[in-house]
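Have a look at this one before I ask anything.
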Amino acid sequence: MKKSGFKFLVVLAVSIWLTPFASFAEVISADSAFQSFPPMPIIVTVSDMPNDPGGALIVEWSIPDADSLTLASMNVYQISRSSNPDSEFESITSLVAGSTRYEDSGLEDGKNYYYRIIAFDNDNRLAEGTGGPGVPSGQWFNTGRIPILIMVVLFATTAIGFIVSAKKGYKFYVRPIAGIRAVDDAIGRATEMGRPILYVPGLGTASEVATIAAFTILGRVARKVAEYNTRVIVPNYDPVVMAVCQEVVKGAYTAAGKPDMYDANDVYFVTQDQFPYTAAVNGVMLRQKPATNFYMGMFYAESLVLAETGFISGSIQIAGTDQLVQIPFFVSVCDFVLMGEELYAASAYLSQEPQQLGTLKAQDWGKVLVVVLIIVGMIFSTFGWESFAAWFDVG
Amino acid sequence: MRREIPLVIVFLFGLFMIVQFFIPHRSFAFLYQEFNNWTIIIGIFTMVIGVGSLITVHYSKIRFKKPGWGYSIVTIVSLCGMSLIGLIGGTENELFLNLYRYGLSPVTSTMFSLLAYFIASAAYRAFRARTVVATLLLISAVVVMLGRVPIGQIITAWLPEWLQLQNIADFLLQTPNVAAKRAIYIGVGLGVAAVSLKIILGIERTWLGGDGGK
Amino acid sequence: MENPGIGIVLWYTLAAYLTLSIFSFLYKDNPFYRLAEHLIVGISAGYWIAILYHTSLKDLWLQPLAANFMALFAPGGSPLLEIGLIMTSIVPGLLGIMMFSRFFSTISWLSRWPIAFYLAITAGVALPLYLQSFTIRQMQACMIGLAGSPWEIFGDVIIIAGTICGLAYFYFSLEHKGVIGGLAKFGIWILMIGFGSTFGYTVMSRISLLIGRFDFLIEWYEIVINYAKS
Amino acid sequence: MAGNVEMGFWDKLMAIDRRWIYLTIGIVVFIPILLDMTLPVYVTAEVKAVYDRIDALPQGTVVMIPCEYDPATMAELRPMAHALFRHCFAKDLKIVSCALQIEGVTLVKDDLALIAAEYGKTYGVDYVYFGYKPFPAIVILNMGENFRKPFPRDYYGTELDSLPMMKGVVNYSSCALLVNINATSGADYWINYANGRYKAPLALGVTAVSATDYYTFLASGQIFGLMGGLKGAAEYEKLINHNAAATKAMNVQSIAHSVIVVFILIGNIAYFASRKRKKAI
């Protein structure tokens, strides 16, 4: 054994000298000529990667003859690939001890691929095997997402059902939410004080649904503002959000019959940078002294900076966000907070249109379903039937 | 036409994006990627409008000599200066990088660090045991605040282990905190689905202006 | 510390000046803060213009557009595919340009097309994704078997009960009375304990940010002193 | 009369000018930075796990410490990186590092060079720094195949193969373990790809805020250790017996947290005292 170790070192030195850029895997295969016993067979299976766009295969292997001690000594698995089992295999990677699976990607759909796995301990080729062919292909339906599909269809049909029945004149009861009722009062207060209203649509881009919810609340606020002859200031972080906010405010003024009151300079862009934006909004609060500040949409660390500055300038503050980490700060400093889902419900509430309230009903039924499933899943899991819970483990 | 076409666009593309979620095939993945890129490209074009708006606001302040118009000059000059340096000299040139390192970056981190002060004054003002709810907020905040630093361990080291502050803090973070998070997230998922559905179906159309498109 | 050049000293001094200007806001609004605020809004907007131009606009639009044009005039390839590819560059450009219609009041309604497209993508992506990663995943995480030590079971029960009661708090179609009122009350307790712990937890990283700024000021002081000495 | 004066005091205290609070916070954070003092630090199991695992490695073993922090987050994570580098160099281990967050590239380079100089270590022999490449997920995946795939050259433009230390160092399997220090959500990529796909033993160092999110991975065994924010770094400093920035900052934290708690207590005492008075009247 010592001798073979010495030989290994000589070969290693020579091969390093011959191929200065030789990779680790190649060094080992040069040594494999010095093994003293035939390698054990590795059973290699190659299958198409399920639910993928294509171009990927899964290679799995096992070594049935190896005992746990031998398995433990195999510390490198060298994986090579070929499109023809009889021709040269190209080495693609080497994996650490204990690996039994490799996902190969970047392949061509519809072609055959064969894989060879060789297991080494430090200097011996202990086992090897070839498997295949595998043919990569892309799928037209992701079976892993069936639970989501069911959920989407259920939700959409329930919602549409409620919307239709609302159109037919069915009235829904929705309980009052403090933060939403405060919106109207806050606008009234601004009118009395003769001071403007500040509406911060958050740091989200228009590709966040929280921002879309902020648009609809802004629509309501702007409409009231127009009716009361006050002014609403909307500094923006994202230019697309600004464009939509301008559209919303302009529309609201037009709808209130006061299109001349709309001033494009009140709905403006600041900068797409978190804290410079915050600094500018702080400036607005301190100098224009708005009577009411609205923070609706996505907020990050700046939430508390804004809310404290607003407090210092003596404004009433109403916040709404689904950002979990920021809710506590808004709760501590603002007068009213729309937490999480309430932000999304607010637009339906404020419009009081029966169709909008219909989707609220669907949300509530969704919650009932979730609670039932949680209880059932918990009971099943407690009695050992874990596959029910696992079915919802969707990727 | 002015309202119908946008509503058709919203319906068709919204539906497509829902459908593609369930179809992993390469062709759909390609379109998904493309459409996402399109939104970014639209965003970049809109940036021109955004910057135009920023300049207009400050220009009108300067023109009508509104209070503080001098500061507006600073904004316009620094905006033009920084963008020209970056556009002409590239983003790797030393002056551009230094303005970032020694101009933008310290302001960002200092604004961020103001939170240390604000968090203290907010805690002083808001954490009063007025109601049960406020008391719970207050107690859990204090326990976690002390439990996360050595002092919390020092002052409760004499107690049995499960009563020591750091362990209570861990319990709060890993149990009620997780429950609160889950309740909010489950609701948010449903709320987002509802708003998205309303947008796609054209029920929610505040964004079209004119009070919901009427 | 090695001897700093005058350039570094000046840059550091600018950074320190801006740092102190922002801190001065804690006392009250003042010209220093106001100047820093206006300066930084300009610098930051300018910074993002340059970054967006060099990264996104070039990489996502200009270069593919140019490449697709070249491919169209190069021999070989399927013309249909090439026209399709070039459309993938032209259409978003057109949508982007439509945004400019806002400058002209008679055709400003055209800008609703790109906005509609943008919101459609947002809504379409979010609907299944949020149901998956927020609703279903969190629900699945609650489907835990009650096993282990009494203490562990207690924790799991609190999590499950807390989640259910939290949801009861967000239930809109019933008044908070009777059973649902009780559940909602426990729900809001759990929410508040959660919020309190998040608040307490966040304090730590906020304090360390302040330490970072003080460290910077000390560093600046040392650099200036070293320069003055040399 | 006395009662009136007292009531006035409590009411005043409740409505104390916020600037006094700011001033106090400023002082209690600034003064301890200047002073040299030590409070005891308790070492948690998840940090000890990282230490033990590294401490048990034989001389010359290669470990990988990819760092992702930037000027905004360095206050929290830099001390952690320093402590880890110190431990590895003191044990004569070899370090491979990279930075997958662009704002942190030069920062990490400087930090690595600084600690290496402390221990008289040579670049290319004792440590190698790859630098930055965009799209962390893809880079992490590709490094699982071969470090040379995303990084044919190191940060300084030298070919990896011409660095003596990189001989035979192919991918994660050539490293005894990985410790990712990460201020972003990019730590998920390391868990999913480096550990999930390539089975590399992984530990994480994250900011205090995100540490709670990663305890689940610790429980599931996907990561073998976890260090959260300055507290994690202070524990590590204690383990390697080299008190530095984190220990100092932890003292500041301890004092600042206590002061905030005292504020809350005073606020509540004032609140109850003034309420009692009002009831009596």
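Every chain is named by a letter (A, B, C and D) in the order it is written, and numbering of its residues begins at 1.
The rule is short, and it goes like this: a contact is a pair of C-beta atoms (placed from the backbone, for glycine too) under 8 Å apart; a residue touches a chain by one contact, two chains touch by 3 or more.
The shown structure was predicted, so the numbers you read here are calculated from the model rather than taken from an experiment.
Taking the CA centroid of chain C as reference, the farthest chain centroid is that of D. Chain pair with the most C-beta contact pairs: B-C.
Each chain gets one centre point, the mean of its Cα atoms, and the points for chain B and chain C are 4 Å apart. Mean C-alpha position of chain A lies 14 Å from that of chain B.
For this pair, chain A with chain D, the centres built from the Cα atoms lie 25 Å apart.
For chain D, the set of residues that touch two or more other chains comprises 18, 22, 25, 29, 72, 208-209, 212, 231, 253, 256-257, 260. Across the assembly, chain C contributes residues 22, 25-26, 34, 36-37, 40-41, 43-45, 47-48, 99, 102, 112, 115, 118-119, 121-123, 125-128, 130-132, 135-136, 139, 142, 160, 163-164, 167, 170, 191, 195-196, 198-199, 201-204, 207, 209-210, 212 that each touch 2 or more other chains.
Looking at chain B, one finds that residues 18, 21-22, 39, 42, 46-49, 51, 54, 68, 101, 104-105, 107-109, 111-112, 114-117, 119, 121, 123, 125, 127, 137-138, 141-142, 145, 148-149, 173-174, 177, 181, 184-188, 190, 192-193, 195-197, 199, 207-209 touch two or more other chains. Residues 19, 22, 25, 29-30, 33, 72, 74-76, 207-209, 212, 229-231, 249, 252-253, 256-257, 260 of chain D are the ones touching chain C in the complex. For chain C in complex with chain D, the touching residues are 26-27, 201-205, 207-212, 214-215, 218. Residues of chain B that touch chain D in their complex: 101, 105, 108-109, 112, 116-117, 119-121, 123-125, 127-130, 138, 141-142, 145-146, 148-154, 166, 173-174, 177.
Considering their complex, residues 18, 21-26, 28-29, 39, 42-43, 46-51, 53-54, 56-57, 60, 68, 104, 107-108, 111-112, 114-115, 118-119, 121-123, 125-127, 137, 141, 181, 184-188, 190-199, 201, 203-204, 206-212, 214 of chain B touch chain A. By the touch criterion given at the top, residues 16, 20-21, 23-25, 27, 76, 92-96, 98-99, 103, 312, 325 of chain A touch chain D in their complex.
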